[in-house]
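In what comes next, chain A is part of two complexes: it sits with chain B in the first one and with chain C in the second one.
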Partner chain A sequence: MFSRRLIIRAAQFSTSQSKKTEKLWENPWKHALHQQEQPRTSAKVLEVPIDWSYVERLMPIEIIPDVPKHETYPTPSGWTPPTEAAKTHSYYVRRRRDHMLPLYLERKRDLLNEKTLDFDYVELVVLRNVDGNIFDCENELRQFVEAQLDHPIATHVDELKGRIKIKGAPRKIIEQFLYSKGF
Partner chain B sequence: MFLSQLMRQSGASASAARNLWRKSENPFISTPQAWLTDLEQVEEKKRGIIDLHPDVFRVAPRLDILHRNLTWQKVYRNVQMTKMLTKAEMPGGGRKPWPQKKTGRAHVGSIRQPEFIHGGFANGVRGPRTWFYMLPDAIRLQGLCVALTLKHAQDDLHIVENMQDLQNGDPKFWQDLCESRNWGYSVLMIDDSDVISGGLAEAQEQLAWLNCMPVYGLNCYSIIKYDTVVLSKNALEKIEQRLLQHLHRAKPLNLKYRYQDYKEKILNESRAEENPNMPPIV
Partner chain C sequence: MSQALRSAKERALQIVEQASKIRIQDARDNLGARTSGRQVRKANNQMGHTQGALERAAKPPLGWIWGDFFRPWQRMFPGEKHFNADINVRREYIPLSLIELTRLIDLGWIDPSKPIDISTLCRTQKFQINPNIRQYGFDLTEEGADSFPYAIDIEVQYATQSAIAAVEKAGGRIRTSYYDVNALEAAIDPKKWFEKGNVVPQRKAPPKTLIGYYMDAKNRGYLADESDIENNRINLANIRGYKLPDHEMVTEPLKTVDQVFHGIPAGSVISLADKKLYSPTNEIHREYYSKQVADKQYS
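Coming up: the complex of A and B.
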């Protein structure tokens, strides 16, 4: 074995010596093709039947899956799927792609507080993905929230984007409103 | 109802029914539809009606988002290569031209100072400067949907059965075809395959206003640039599938695109490319 390897090395050495006369740029194709050639090994392929299901469930999820059926709603986390009642209103609020309500929190700078010389911030809740008559939605939302809170709230409607911004109401109550309407 | 009546009158055969994946149950959004035609003859023959996915072809016309996309596409590849030299980079000027005092002249240390003619620049343009940035995925996705929606709403989006291996490659035929169908000044054909053969390939080589594009080349700028966008049926399926897949993907839509993550991929892009006219990279 040792001797054979020696011979091979010697042979390679000798070829490289003889090739030295030919420059690299005279025939670049030859050089490139030589590099691309892989040492070919022929092995027999034997396929073993493996149950990949345990591996597959470890793979990352590409697309958000549908929600599995639960026995009772709301689920322990408080989540409820949209119901048929949602389609009876003059507006419709579409769920997010992850099946949650399209409620977002926003923090906006208010006036400078002259006593502490710090900026005050207001907490806004943004309701998105509203289709249909968005002003009806805003009216009903306002009535629902004000009945619960006993103080007026401020809202801003962006019809083109289908968004309602609410100031002065916690997210929880708006969530209750949406669930009560079946969205 | 109205469309189905029309379809019966025109003798269309294919049905509109199409399985729209994860279609919203929103009662305020009707399913958009489009005529299915072909490119075999000059006159427009209606072969049927196709349902389009409302999440792609019936979204709110957010022109602000479309504008962001168009601006991004125009700007992100700009590179300013101008570099104005400072006094240190100009040749010469190492010697003090005259003594500091008692000459009555300005106190200067070099003939390349910015006050001099042929001097260096004090606050010049210092290139290369790039305007590259990436828009968030959500904005790019919505931009495509908005552009397609607008084209469909303005009746500038047409769907044909097939674009490959068409019989007629005569430029006159294609001009007549686009004129009789009122397709405007420029037409963009989009197919799912990136190799196109047959009559359309011959014609689009001769006609500057007729262009073809694969699905992966679809972008807001081209959709808006061309008067009419023509999709093949396969392209429509593919576009919907790709866009919906991203709209429902489990990964976040605000992924970061950092150069260091893509460096290896970008630098190795040309590894598989082999041009018979160019010597290979050794």
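Coming up: the complex of A and C.
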């Protein structure tokens, strides 16, 4: 019953086809060519003048931009460029490509806590890009940080990669140390 | 129809026939109908267990998920009828603190003299927003609010009162505005959008659960009255006890409520190679891209 109804409806929509006297397959070429001549879309466009700077400011930044000139340093967010004082030490800490300090956070799994049966985690700060005498750097860093924190910290020096891992000190204090040395 | 209907298909068709109005969003997928993840075959998927382990193990009481064996979850939280029931429709906003914003401006990633919106923030390539997992934009948080120096014109999707106060104290202008999924996708990566040849979309009005937020002048919503916002701005300065700057520092006009990009009308196509903008001439197409529609995809 339902299907009959559908058929009746379909017939209503396809009245135009039944009126045609010539069948499609009698001359398919004519039909195809006729179709091609018809405009397929009513979408026409008009070129509109535009201030292209509006589009340019949307494009992704592909090269790290130069830091603009600031009147005073540190800048409002606490950033300082490397100074001449940095060259007076026996070691040198290179900046990252994006002008930031090479400080990274790392979280490693420690031993299983037997009371809570959860793993403890240690939070480390990794200082990278250290050139020259890395052990001098580690000594001075340790003195600076321990004077600030009043407790000993643990460090691990990877001379080959030029990295120092620090346990027990927040990144902010290590940042202060690097800025105080002029890096 | 005298004969009793048999299949669900027939019943569905009857509902459709009797319905007064059918919209395109009625035909959308159910939530979670399509997934982007790979479906592991059932035989291979052990999910951290093996079949044998399951068979031999002592079974926990029904409803027990993890934790105390003798206090299953549904007895610990008896009032929670639908735990995480809205997880599929919850919106996520990427936090952007004021100190991060200051740092981006300091290092030249963002130009404070130009209006800042999602596109400006995303073109630094330091944020990832994925609209497919219901991330809806940025949330401006108040870290660094004590010393925020730049008078900026910023548009975010959510902002705390402290962040609003900090921006306005410095002489800036802040608006919270809604981007629907399509507009957000265009705003996140305009280059990709233009290269595909997609039409610049028009921003839909927020869904009904969010319209209150964006019409509230307290939140500096983009649908609120400008006079209300001005009153609220003065009011917030009085409450928080700071002095607003005497003259307007930001004078550029705001985006219209359905505009995605500054200076680019909806419905146009941009050719990056030719540096040209084309807009439709057909009246139907023009009307389609100037019509205000609500985002009814999610409530």
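FYI, the second predicted complex is superposed on the first by the 129 of 183 C-alpha atoms of A that agree within 3 Å, B and C clash if a C-alpha of one lies under 4 Å from a C-alpha of the other, contacts with A are read in each partner's own complex, and residues count from 1 in each chain.
Please note the rule applied: a contact is a pair of C-beta atoms (placed from the backbone, for glycine too) under 8 Å apart; a residue touches a chain by one contact, two chains touch by 3 or more.
Note that the coordinates shown come from a computational prediction; the quantities given were computed from them, not determined experimentally.
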Based on the superposed arrangement, let me know which partner A:55 touches: chain B (first), chain C (second), both, or neither?
second
Chain B versus chain C as contact partner of A:47, first or second or both or neither
second
Given the touch rule stated above, what does A:23 touch, chain B (first), chain C (second), both, or neither?
neither
State whether A:87 touches chain B only (first), chain C only (second), both chains, or neither.
first
Now for A:107: first (chain B), second (chain C), both, or neither, which partner does it touch?
neither
Touched partner set for A:115, first chain B, second chain C, both or neither:
neither
Once chain A of both complexes is superposed, is A:67 in touch with chain B (first), chain C (second), both, or neither?
second
Larger contact residue set on chain A - chain B or chain C
C
Please report the chain A residues shared by its interface with chain B and its interface with chain C.
60-61
Complex contact set, residues of chain C against chain A
1, 3, 10, 13, 99, 102-103, 105-109, 111, 114, 119-120, 122-125, 144, 147-150, 189-191, 194, 261-265, 268-270, 272, 275-282, 284-285
Would you pull the chain A residues touching chain B in the complex into a rising list?
24, 28-29, 31-32, 35, 60-64, 82, 86-87, 91-92, 94, 97, 131-132, 160-162
Touch list for chain B against partner chain A, complex:
24-29, 60-62, 245, 247-250, 279-282
For chain A, which residues count as touching chain C in their complex?
1-2, 42-52, 54-55, 57-61, 65-68, 70, 75-77, 79, 98-100
